[in-house]
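These notes open a run of structures that come right after.
Below are two complexes that have chain A in common, paired first with chain B and then with chain C.
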Partner chain A sequence: MTTDTSPTPSAPTGSASHPSRQSEATAEARQRSTDAPAPETIPQWLHRSSALRYTVILAFLLVFTFLSVKAPGFLTLSNFVNILVNNFTILAIVSLGMTLVLLTGGIDLSVGTAMDVGSLLFISLISAHQNFLVAICGGLAGALATGAFNAFLIGGLRIAPFLATLGTLFIGESVQQLATNGGQPIYLITGTLAPAFIYIGHGSFFGVPFPLSLAVGLTVIYYLLTERTSFGRNTVALGANPSVAWYSGARVRYTSALVYLLSAVTCGVAGIILSATIKAYVPLSGNAYLLDAIGATFIGTTLHSEGRPSVIGTTLGVLLLSIVTNGLLLIGWNFYWQQVGTGVLIFFVLATSFLGRRFRR
Partner chain B sequence: MTDEGNGQNRESPKEPAREGSVGLMEPPVATTKGDGPPINGALLLRAGSLMGFVLVIAYFALVAPGFLSVGNITNVLEQSAILGVLSFGMTIVMIAGGSNVITGGIDLSIANNLGLSAAVYAILLKTGQPDIVALSLTLLTGLAVGLLNAIAVVSIGILPLIATLTVMNICAGFELVITQNTVLQASSPLLAVLAGDGPFGIATLAYLLLIIGLILIAVIEYTPFGLRLYAVGGFREAALAAGLSVNRYIATSYILSGICASIGAVLSVALLSGSSTGSGDMLLSVVVTALLGVVFSRRLVPTISGSLLSVLFIGFLINGFQLTNISSYWVNGVEGLLILFAVATTSLVRRREA
Partner chain C sequence: MALAKGDPVLSMHGIVKTFGGVRALDGANLEVEAGNIQGLVGQNGAGKSTLIKILAGIHRPDAGSITIRGLHCPHLTPRQVEHLGIHFIHQDRLLVPTFTVGEAMFLGAEPGIGRLPFLNRREMARQATTILRDHFDVRLAGGALISELTPAERQIVQISRALLRDPAILVFDEPTAALVRREVDRLFEIIRRLQAKGITIVYISHYLSEIESLCDQVTVLRNGVDVGHVSLKSSSTTEIVSLMLNRDIDEMFPKRAVPIGEPVLKLNEVSARGAFNEISLTLHRGEILGLTGLLGSGAKELVQSLFGLVRLHGGTIEIGSERTKVSSPPSAVSKKLALVPEDRRAHGVALQMSVRENVTLASLQRFVCFGFLQPGREKTATNELIRKLSIHTASQASPVGDLSGGNQQKVVLAKWLSRQSALYLLDEPTVGVDVGAKVEIYRLIGELAEQGAGILLLSSDLLELLGIADRILVMYRGQLAGEFNPANSTSADLLSCATGTSAVSEYVNAVSAESGR
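Moving on to the complex of A and B:
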């Protein structure tokens, strides 16, 4: 087979010189995915009956009605603001990165690591009395470094994303433990903080809390990126069928590397916002968002007409999870039962999502 | 342009491209590993890994006095028992699920299943249940979690990676509900035996690790059942064509993994004389040892003996760190690097051969 020597990504047909080919790639990939019985390795979310979407919407409505009746104070404006600020914001930002990665058919288990590293550097620089902007850049650079490591492993060494990001996750844990003497949180002294620091955690932007408006802004950017740019079309093509994407001239390795960089930076933003909100860095706190981000993205896939991850679907998924967490709290379930509750909910959503494609087989 | 034409000829639905894939699809190893002469790359890798093992041990033996004493070796075996049993479970799932990382077999819930089972065991003993009741309910817990994984993966068809990740969180939630995030002390006659010393003053857990390992090596590597398990994981379609009930074998692998987790739970309660929080942290080590076991095997597939070797390797490594006063915070990082090493080298060797 010649397969082993030929495939350097630059070798075939530089996509830069044939911009129109990229949309063909996507079209071709979509065409393939709808006609042919797919090889097993194609992300199977492409093959599902769209009737399934209504099941999830129905579940959403049921949960909502149940909580409105059962949970005192659930249906109030202040509670919705509370949901959006406390439950929605951070998870929404993290899930954006996860959506992009899942779109390409990969997975990023190190989203929490990128958050933590971003938060660690940000808070360390602030507590070392550095300029606020320097601290922000430091935090983002730390997150970027995690992403670059992933990109090198996945785009460069072609290690499977699951294992590459798992390795990053654990190296990240080690780094954090070494940096914090085994996991000591870093707290900031409240009196000495710069106004800008207070603003990104608790300020308001035209009447909307700053973290929330940032999340909304990033969501819009991600929406435009995935739905309206050639890069977005490349990611979709890559997720639909990497080989078709490659033969069609999409820069497969470049795209897949870039996706992990973007995901990490986005998670770094989430980490900075989180640590600005709680005015502290708590080691290994980011991993709590991992499953929820995956869950939200998969809830999103059930809402999309092609059944692939999408920014809007993911945002709705995050909203559903936030509402459930908040509602269970109002009903009086403690944190431990909430974890069981959301876990079971995600399980059922995944089951519905994957059962759908069973029926089409 | 020529490349494109060439490509379309080459492309068959059963074998999607491997170039430029984001690792979504591993090279199809099934074709190369069934038969044929032993492969040079694999042999080299295996020899190199064994050499690495020996070198690490030799280094610590030189640097840390008492590293190779019987007492210390027993100590390593005892400390590795829990990890070993979990690693065996993970290995069985990986054997039956195949080597593709995304669609292949993996059980991420195994460490939290241990936590949950340990919590069940500890709380039952605490409420005064006799050993036999507590033990059987603990094994049932592990089995139930394994069954849930099996249903999710086989009947519903959720990707194993995502299915077991979700089950992992459900287990963690239930564990917290039971223990309220505290350590439950437990003691019983059985635990006293397990925590004590066996013949020749060597810890019972050390014996158990070797006995369970040997039994599983016999079952997985030397029986028709084991062979079929490899067949199912190695080439699903061929196994189906040969008349194996593939789904049943995959389901069995998850259930066995669940049982391994609950056995590990009993050992862990014995070693720590109670349940402990944070058992989920073991997941990495389990994944590492199961993957690292691949480089110790002849045909670069997961094997129980390979996993046992890598469990001992990690055990000696951690022990050596302790004896030479290297901070234990390095352990996670080293394990992360070992994963990447194992995966990068095996996929490189496989790609060469494909």
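Moving on to the complex of A and C:
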């Protein structure tokens, strides 16, 4: 792990003032006596945060209102189901792993690779008429292998996560192309598929599409993992300051290795679900989720006063991106303009939240 | 600059500044008369640096007024400050290390080639050499790289950089921190020469000897307020000391009587290559064992090796009465060892994490029930520790970065208290901590000893060691050079042991100034 000293939160040199806060602090300053400890008189929400911290929610409402008015058919139940199933599910699962990795201060550029490798093995095994469970295990094992490679490079050899996962990304692309004759998709013949296979792609779980309920389940698990376990707390410490985590007796290398394993397995799940939905393996299809996952996670960081990634924030970010993609499609923007829309949105959310943080100090 | 000597050139009135609910300045005043050398003293944490950062336009005051050369300046920005002719010389104020002396000096005001806006490197180097020679009698090539210079030379480059901009006031913020005696003398000579040219000087330091030999007037800060304005012509340094501390030295080191118990830590001839050799020592329950040594004596490495940060190459460690190995911090923590590291911000606390997260970081297993953390129990435990250590924080959810140095240090201690550690390795635990927090930390160390913990206190503050340790070990060049009983030793005894004898006076000077004696 690098032993970077974290930046000290010294006040920015900004010249903009925040009149209401300042005058209040002044008034309070006069009240207090010299030696009294700072009592909790400034309300917590006013002190630590500003309304700008909730820009995700604000952006969410704005986008929602705009699309409701502008996009034909946006404000319908069937469209919301469509958003959740087709736009939200896969990205949500991938982003969970990304959130965990970004919490430790690392990055995983190989999420797409783990998806693809999982999907490749899964579909290959299915098309070779293997048992469904064997295929699932094979797919997860493939994803786990990419994670283990990352974990070895990062936790074992202490290579910077960006470089290590970039290497995995390249190797994974080559492996896929070699294994598929230069990138031929593998299609399954629809008639012969096992019911279980159909179920994980298109079935419903208590009335909710199975992929969506799986995403929700994983989100809950990740929420508990990050917020309510000592492992989750250690990932936070690792991201905040690896030296402090080490000096506090946290097993830093074990934690970072485990994080990449978990991320890869989670992406493997996403890959399997994706390929079960489209009943095919399409080489290199996972990479499309990489940047969206990073974007969603960063949108989510704006919820926390110190800019920390969180499962709830990320899920909101994924939802926001999904709605934008869907809505712009309904309005009739083509794919390339959708990317511009997404970019502007991410910029808006991060910039306003950054400004909010500057005003606060 | 049409001000006569003695006119007020800078005044800051009733400055208030809070950081996250913690008061750094509480109505501080600073008056500077033209042509004077104005001293500003105070313990660490008294608010000196905050006051100066406000003057530099880096922080915005919550209340108070600033008047510079007759101009009322309610909203200072760094650029404005520079226009008003105030320049800052700071140890950390960075010159880009890969720039040449000439480039660094002219950064932002580069001479062109004729009228063309190209960098005229040769001209910059030539002018820089001339300025350094004429003003400071320093022979430095204008083309030399900043990274090749000594700290003292860098400082002179900073001063010349400021002089190029025709300054009215020069502010020196702890300028001698990285200088050796001879360089300090030369810096003083330069400062006096600048004064003779009519430049007003503000000189900030906590070394009283420097203030005494240099300044005309001194403002003393304590707890964010100016508690005294002293003219050095008419009063002595002892007056300043009493103003700075506002307490007697005896009060600082609370005395306690703790029976010394059985050994908790035994080192038998432990060695680490290049650091120390065949050190044997025993630490008992309830004992505060002091350890000191100059840089390179191996004392710091010895403490680090006990926490698994430095590898041992021989000898054995017994904790309790079991022979063990401490291979890494996790194994040290599992053996109930605690380390309070010297560099608090780098190794002690995660500044962006909340007080609660920091306090429970080393003892998360305590709060786990069926695999899940219990936030309620975490909160209760943290609240208890906040109260016990009187940590001043707006709430337990505030980031530790919002707390003052002393309170951050208490958070580090709270982390190990929460772990219920049995053996505390304290590496300079009161560095960068204000006097009030120092006393509280001493009291806490005493309480830990009373509860039967063993404490190894590594410190270069000899008065601190003499004040609270039960025994003091001194290391010199990787060896234990002596053992002292604080009751019948003086800091001079410790020093002559720690140094061999040479350079004693310099060290005494620094140490006694640090402790405000």
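We take it that the second predicted complex is superposed on the first by the 292 of 361 C-alpha atoms of A that agree within 3 Å, B and C clash if a C-alpha of one lies under 4 Å from a C-alpha of the other, contacts with A are read in each partner's own complex, and residues count from 1 in each chain.
As a working rule, contacts are C-beta pairs under 8 Å (C-beta built on N, C-alpha and C of every residue); 3 or more make two chains touch, one makes a residue touch a chain.
All of these numbers come straight from a predicted model, not from anything done at the bench.
> Go through the superposed model and pick first if A:Ala215 touches only chain B, second if only chain C, both, or neither.
After superposing on A, A:Ala215 lies clear of both chain B and chain C.
> Considering only the touch criterion stated at the top, classify A:Ala160 as touching first (chain B), second (chain C), both, or neither.
first
> After superposition on the shared chain, which partner residues are touched by A:Trp246: those of chain B (first), chain C (second), both, or neither?
So A:Trp246 meets both chain B and chain C here.
> Quick check on the superposed pair: does A:Leu224 touch chain B, chain C, both, or neither? Answer first, second, both or neither.
The second partner, chain C, only.
> With both complexes overlaid on chain A, does A:Glu306 touch chain B (first), chain C (second), both or neither?
second
> Who wins on chain A residues touched, chain B or chain C?
Partner touching more chain A residues in the overlay: B.
> Now for A:Arg233: first (chain B), second (chain C), both, or neither, which partner does it touch?
The answer is second: A:Arg233 touches chain C but not chain B.
> Given the touch rule stated above, what does A:Thr104 touch, chain B (first), chain C (second), both, or neither?
A:Thr104 contacts chain B only, not chain C.
> Output the chain A positions appearing in both contact lists, the one against chain B and the one against chain C.
3, 6, 9, 11, 13, 37-38, 40, 42, 241, 243, 245-249
> Enumerate the contact residues on chain A facing chain B in the complex.
Per the touch definition, chain A meets chain B at residues 1-4, 6-7, 9, 11-13, 36-43, 104-107, 153-155, 157-164, 166-175, 177-178, 182, 238, 241-243, 245-249, 252-253, 256, 291, 294-295, 298, 335-344, 346-347, 350-351, 354-355, 357-358.
> Per the contact definition, I'd like the list of chain A residues that touch chain C in the complex.
3, 5-6, 8-11, 13, 15, 17, 22, 25-26, 29-30, 32, 34-35, 37-38, 40, 42, 44, 47-48, 224, 228-230, 233-234, 236-237, 240-241, 243-251, 305-308
> Name, in rising order, each residue of chain C that touches chain A in their complex.
It is residues 16, 18, 20-23, 26-27, 53, 57-60, 62-63, 75, 77-78, 223, 225, 307, 309, 329-330, 332-334, 339, 341, 345-353, 357, 360-362, 364-365, 367-368, 371-373, 375, 390, 392-395, 397-399, 401-402, 415, 419 of chain C that touch chain A.
> Taking the complex as given, what residues does chain B use to touch chain A?
1, 3-4, 6-8, 10-11, 13-26, 100-103, 152, 156-159, 161-163, 165-170, 172-174, 176-177, 180-181, 284, 287, 291, 327, 329-337, 339-340, 343-344, 347, 351-352, 354
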